[in-house]
Amino acid sequence: MGYRRRFVVAGEGGQGIQAVGEILAAAAYRSGLESLYIPNFGVEQRGGASIAFVQVSEHPIGAPKFEHADIMAVLSRRAFERTRMHQGPDTVVIYDSSDLRTPVIDDKTVGIQGWETIAPEGFAASVGRERESVPESESRPRSRSILLPVPASDVAKDELTPRVMNMIVLGAIVSLVEKITEESVMEALEAKLGAKFAEDESLRELNRNAIKRGKELVQQVLSQAGVSG
Amino acid sequence: MGVIQGTQRQFMTGNEVVAWAALAAGAQAMFGYPITPQNEIMHYWTRLAPEHGLRFLQTEDELSAGFATIGAALAGSLVFCATAGPGNVLMQEPISMAEMMRVPAVWVIQQRGGPSTATVIYSQQETRLTCFGGNGEGLRIVYSTSSHQDLFDYVIKALWAAWEFRFPAFVLGDGYQAKMREPVTLYDPESAGVNLPSVEPILKPEGVPSVDREPVHLRNTFNIEEELMDVLMGHIRDYLDMSSRVVESEEHPCEDPEVLVVAHGVVWRSAREAVSVLRDQGIKAGGFRPITLRPFPEESLRAAAEKVKLTVVVESAYGQLESMVRDRLYGLKVPVRSLLKPGVGVTAEEIVDSVIQFSKEV
Amino acid sequence: MADEQKVAKAWRSETKPHRFCPGCGHGIILKGLADVIDELGIHGQGVFACDIGCSLLSWDFFNLDSVQTHHGRTIPVVVGMKRVRPDLAVIAYLGDGGGYSIGLQHLISSAVRNDPITVILANNTLYAMTGGQMAPTTLIGQKTGTTPYGRSAEDTGSPFMGPEIVAAAAGDAAYVARGSVTKFAELKQILKKALLNQVQRSGFSFVEFLSSCPTNWRTKPADTLKFVNEDMAAVFPLKEHRVPEDLGVDG
Amino acid sequence: MTRSRGNSARVVDAFVGEYASGKTEVSINRALDLSREFGTVTLLDLDTEEPVYTVRSVKPVLEERGLEVVALDADRVFGLGEAGVTVTAEMLGVLSRTGHIVIDVGYGVHGAAALNLVEGIEDEPQIRIYCVVNARRPMTSTPELIASYLESLDPCDFIVNNTHLGNETSLEVILDGIRTVTRASEITGIPVAAVSVAASVVERLRLAERDLGAPLWSLELFMVGSPRL
C-alpha cells in the first residue's frame, strides 16, 4: 500500500484540537503527500469531545473513516474514552501527562454552556486543577501500543502560555512522522495563523517554540525509555 | 478570463470546493437557508460575493430558498442552492415544480443522518429522496460525488447539464465530503475545454410581449388527465433521449473478477480500497460505482455484474442503492449481498471482511 | 422601460372572456392592474406571477410574461427573479390562503427585507379554490365548507388582519394598504402606488383588496355587494397603512 | 312523474342531496325522460362542490342523446380542483332559455344554496326542488336523520328515494330504504316523488312488477367508470 499514516487527535472543545488536525494535514500536503483531514464524526461527536482525523499517504486516500490510528494524541480522559476504539495494537498514543480533570459544567458555571464550549484556557483553572492520569493501566492490554506521556499543559503554562498547549502536541506528533518536514509545518502554521501573527509578531515565535518544545518532549521520553529517535 | 487562473492544486474543504466550482462555472446567484453540514457553502459564497458581483439571499426557509432559485433561473441566471437532511425534505416542493416546468437549477445536497433531525454528520440516506422525491417521476440528473475533485468537476457539469437538458440537476455529496479537507485541482473550465452552461432568460426573453413576440405563460397546473400525460410523456421522452449523454460510471478493474463491489459517493473510496486489499489477498474482486444515480448507468452495471459470481452492495443507508442495483440486475443469476450501515461511514476493513464472509456463503 | 413605440395593452384579449365567475372580484382587481400597467408604461418590464387558488386563473390574463407557481410560494419566486433582474417590475398575485396561511412566512419575511416587489392579495374570506373552506380571513360566524356551523373565535381565532400585520413588520420604505373591489378608482390608485414604490423607490409593496366570491358565498349581486361593503368592511378597514413620504403619484 | 304539468307549462326541476347520493344520475335521467316526452330540455351542471364527478364529464354523450347541457368546458376548468369550480354567466342565466330545465346542484346544504345563484330562481313559478336520498349513506340512514337533513335544506318539495348499495343492491336493501324514507316523508310531510333504481337492478329484482309506494324511475347509469372532463 506504500507509505500511509493515520492520526487521531482528541481533546476538549476549546483546546485547539481542530487547529492541530488542520495544520498537520496541511503540512503533510506541503510535504508532497496526499492528505485528508476531517473533524469529529460518528458517535465521537457527542459529549463535548473534539476530535480530528487525519490521514496522509503517498497514494490517493480512500475512506475518511478508519479503524486503527498509527498515532493518537489524546488530551483528556473523556476524549480518550471517545476514541479508544481507534487504538490498535501498534498505535502510538501521545497523552497529556499534565492533564487536568475534565471540568464539570453545572448550574453554578458562569458563561456559555454547551457543545464544544467548555474548557477554554483560564476556565479550567477557574474550576480547579485536579490532576488525573489518562491512559493508565486499563489501556495497557493493547499489547504493543506505545504510550508517550507529554506534559503539554504544564509546559505551556510554565514556559510559554496556556494557549499554545495544542502546538506542543502538534510538535510531539510531527516529531514521529519523518515525511512531514519541519519547514512544511511552519508554512502550514503561517497559512493558518498568519493573520493573527500580523497583529502580534510575538505570537509567531510563541507558536514556533511550542512546536519545537513538543518535539523535544517526545525526544526526552524516547531517550529515557531507551528508544532512539 | 475565468476566476481561476490556469490550474491550481489546493487543500480545501468540500464545501469550499462547491462554492469555487460554482464560481468557476459562472454561477451568478445562490439562495440558501442554514443547515449543517452545508453551511460553509453559503459562507464561502458570501465571502466571494463582493469581489465577483455574486448574488446571495438567506431566505426564511428552504421552501423559499428553492422557489427563489427557480425564480432566478427562470429570469435567466445561472443559479444554485444547497441543502441537507430535513432541508432536502422541504426542498422537494420547489424541486417538483422545477421538474414539472423543466427549470434548469442546481441543488447541492450534503447528506446527513436521517430520518428526521437525526445527525448533522454524515449519511447516504438522501439517495432515494434526491433521485425520486416529490410527487413525480424523478426527472432529475443526479451526480454522486466521492472526492473533492468530483465535487469541483460535477458542480460545473451539473450546472451545464441543467441548462443543456433543462432538468433540475443535483450534486449528491455528504457531510464527510462537506467537512473534510483534501487536495483538489481547481481549473478554469473554459480553458480546460469543459462544457460551460449556456444561459438565457426563460420567462423574460428579449422583446416586449405581444409587440415583438407572444407572451411567455408558464404553468404547472393542467386540466385533464390526458393533457398532463401528454406533457409528462414529452418530458419523459426528453429524459430518456438525453440519458445516454449523461450516464456515467466508474470501475475499479480486475481481470476475471469473481466478486463485484458496488458503492456510490464517499463509500466508493472504501470500496476501491477494499477491492485492492482483496486482490492482494488473492480474491478476484472488482468495483463498480454509479456516478449518475439518475439516470442510472444500467448497461455498464449489467455488463460488469454478468461476469461475476457475487455482487456486494455497500452503502451508508439501508438498501437505497441496493434496491436500485437489484432493479437493474433483474433477470441475472448473480446473487446480491449487501453491507448496509444507515447513517454511518463504512471502512475498507469492514468491506473486506464482509466480502470474504459473503464469498464463503455463496 | 419599454420602448415608447412598443407599448402594448396589458389586457390580453385573446384570453378573454376570463375564467372567473360572474361577480368575482378577481376580474376587477386584474382589470385595474392592466389599466395601471398601461398608465405607468411599465408593460415592457413587467413580470406577473400567480399563486394556486382562483388567482391561478390569471396565469394568461395579461400580455405580460407570467408564471404560475405553488400554493403560497409566489413571493419567493418573484424575489428570486428580482434579485437577479432588478430591472424587472415583478408582481406577485395571490389569495388570502396563499398569503396569510401557507405562505405567511414568505410575505412577512419579504416585508422585513423590503424586497422591491409588488404583492397583491385578494381577500374573499375563504378558499374558493377547493370549494369554500375557512380561510384566515373568514368572518366570525361565517359558514364555510369546514365551518358548517359558522366560524367560532374560540375554536379557530379571529380574522387575520393582513395589511395591519405586514405594516408592523415592514419598514418606512414599504407601501401597505387595503382597498376594495367595490371602490374601483381607489383600487387603481392603490395599485399605482404599489407599483411605483417598486419601480421608482425599490421598495416593498403589499396591497390587499376585499374581493367577492358570490359562487361560494351563494349570494345574489345585491347581497354580494352588501357583504363586501358592510360585513367585510366592518372587520377590515379600508386604509393606507404605510405610505413612504416621497412616494409621488400624479393623478 | 308526480305531476303532469302538461305541454304548456315548462318544467324546472332542481336536484339536491347528500354527497354521492346519486343526484347527477337522477338529474340526467330526469332530463332524458323529459326530452323523450316534451322536446327541448336543458341540463344545468350547478355542482360547484365536486370538481370531477359531475355532468361535465359526460357532456358529449348527453348532447348526442339530444340534451342541451350547460356545464363548464374542459378549457374553462383550468386548474380544476386547484382553481375552484367556477360558474359562468350562461349557467346563472339558464332560466332565460326556452324549454324544460333540469338543474344538478352541488351536495349538502352549502351546495344546495348554489341554486340561489341562478338568476330569477326566486320568481320562477315552476321550480320544484327534489332531494335525492340514499338511505344507505351514513348521514341519511335513519328517518330522523333524513328528516333533519330535509329540514336543513328548506325549501324542498319532493324526495327521490335513491337507496342502493351499488352492485350489491338487493331486494331487501330497496324495501328497507322504502320503509326508512317513507317514515321520513311522514315526519316532514314532504312527499316521495319516486323510487329511483338502476335499470340493471330493476331488471334483476323484477321491480317493475312490485308496488313500491311511489313511481319507479329506472336509471340508465352514466357516471360509471373513470371520470372524463
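To keep things simple, chains are lettered A, B, C and D as they appear, and every chain counts its residues starting from 1.
As a convention for this text, a residue touches a chain if its C-beta (ideal position, glycine included) is under 8 Å from a C-beta of that chain, and two chains touch if they have at least 3 such contacts.
What you are looking at is a predicted structure, and each value in this text was computed from that prediction instead of being measured.
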| item | value |
| --- | --- |
| Required steps from subunit C to subunit D (each step between touching chains, minimum) | 1 |
Groups of chains joined by contact, in the absence of subunit B: A | C, D
| item | value |
| --- | --- |
| Distance-maximising chain from subunit A - centres being C-alpha averages | D |
| Central subunit by CA centre of mass proxy | B |
| Distance between the centres, which are taken as Cα means, of subunit D and subunit A, whole angstrom | 83 |
| Whole-Å gap separating subunit B and subunit D, where each centre is the average of the chain's CA atoms | 55 |
| Separation of subunit A from subunit C, taking each centre as the mean of its C-alpha atoms, in whole Å | 61 |
| Whole-Å separation of chain centres (CA-atom averages), subunit A against subunit B | 35 |
| Sequence positions of subunit B contacting 2 or more other chains | 221 |
| Multi-partner residues of subunit D (at least 2 other chains) | 78-79, 82-83 |
| Subunit C-facing residues of subunit B, complex | 28-29, 31, 55, 57, 59-61, 63-77, 79, 93-94, 97, 101, 201, 203-205, 208-212, 215-221 |
| Subunit B residues touching subunit A - in the complex, by the definition given at the top | 11, 119, 121-122, 147, 175-176, 179-183, 266-267, 269-270, 272-273, 276, 344-349 |
| Interfacial residue positions of subunit D with respect to subunit C in the complex | 48-49, 51, 76, 78-79, 81-89, 92, 109-110, 113-114, 116-117 |
| Residue ranges of subunit A in contact with subunit B within the complex | 1, 22, 25-26, 29, 34-42, 45, 60-67 |
| Residues of subunit C defined as touching subunit B within the complex | 2-3, 6-9, 12, 43-44, 47, 49, 52, 56, 59-60, 62-70, 73, 75-85, 88, 105-106, 108-109 |
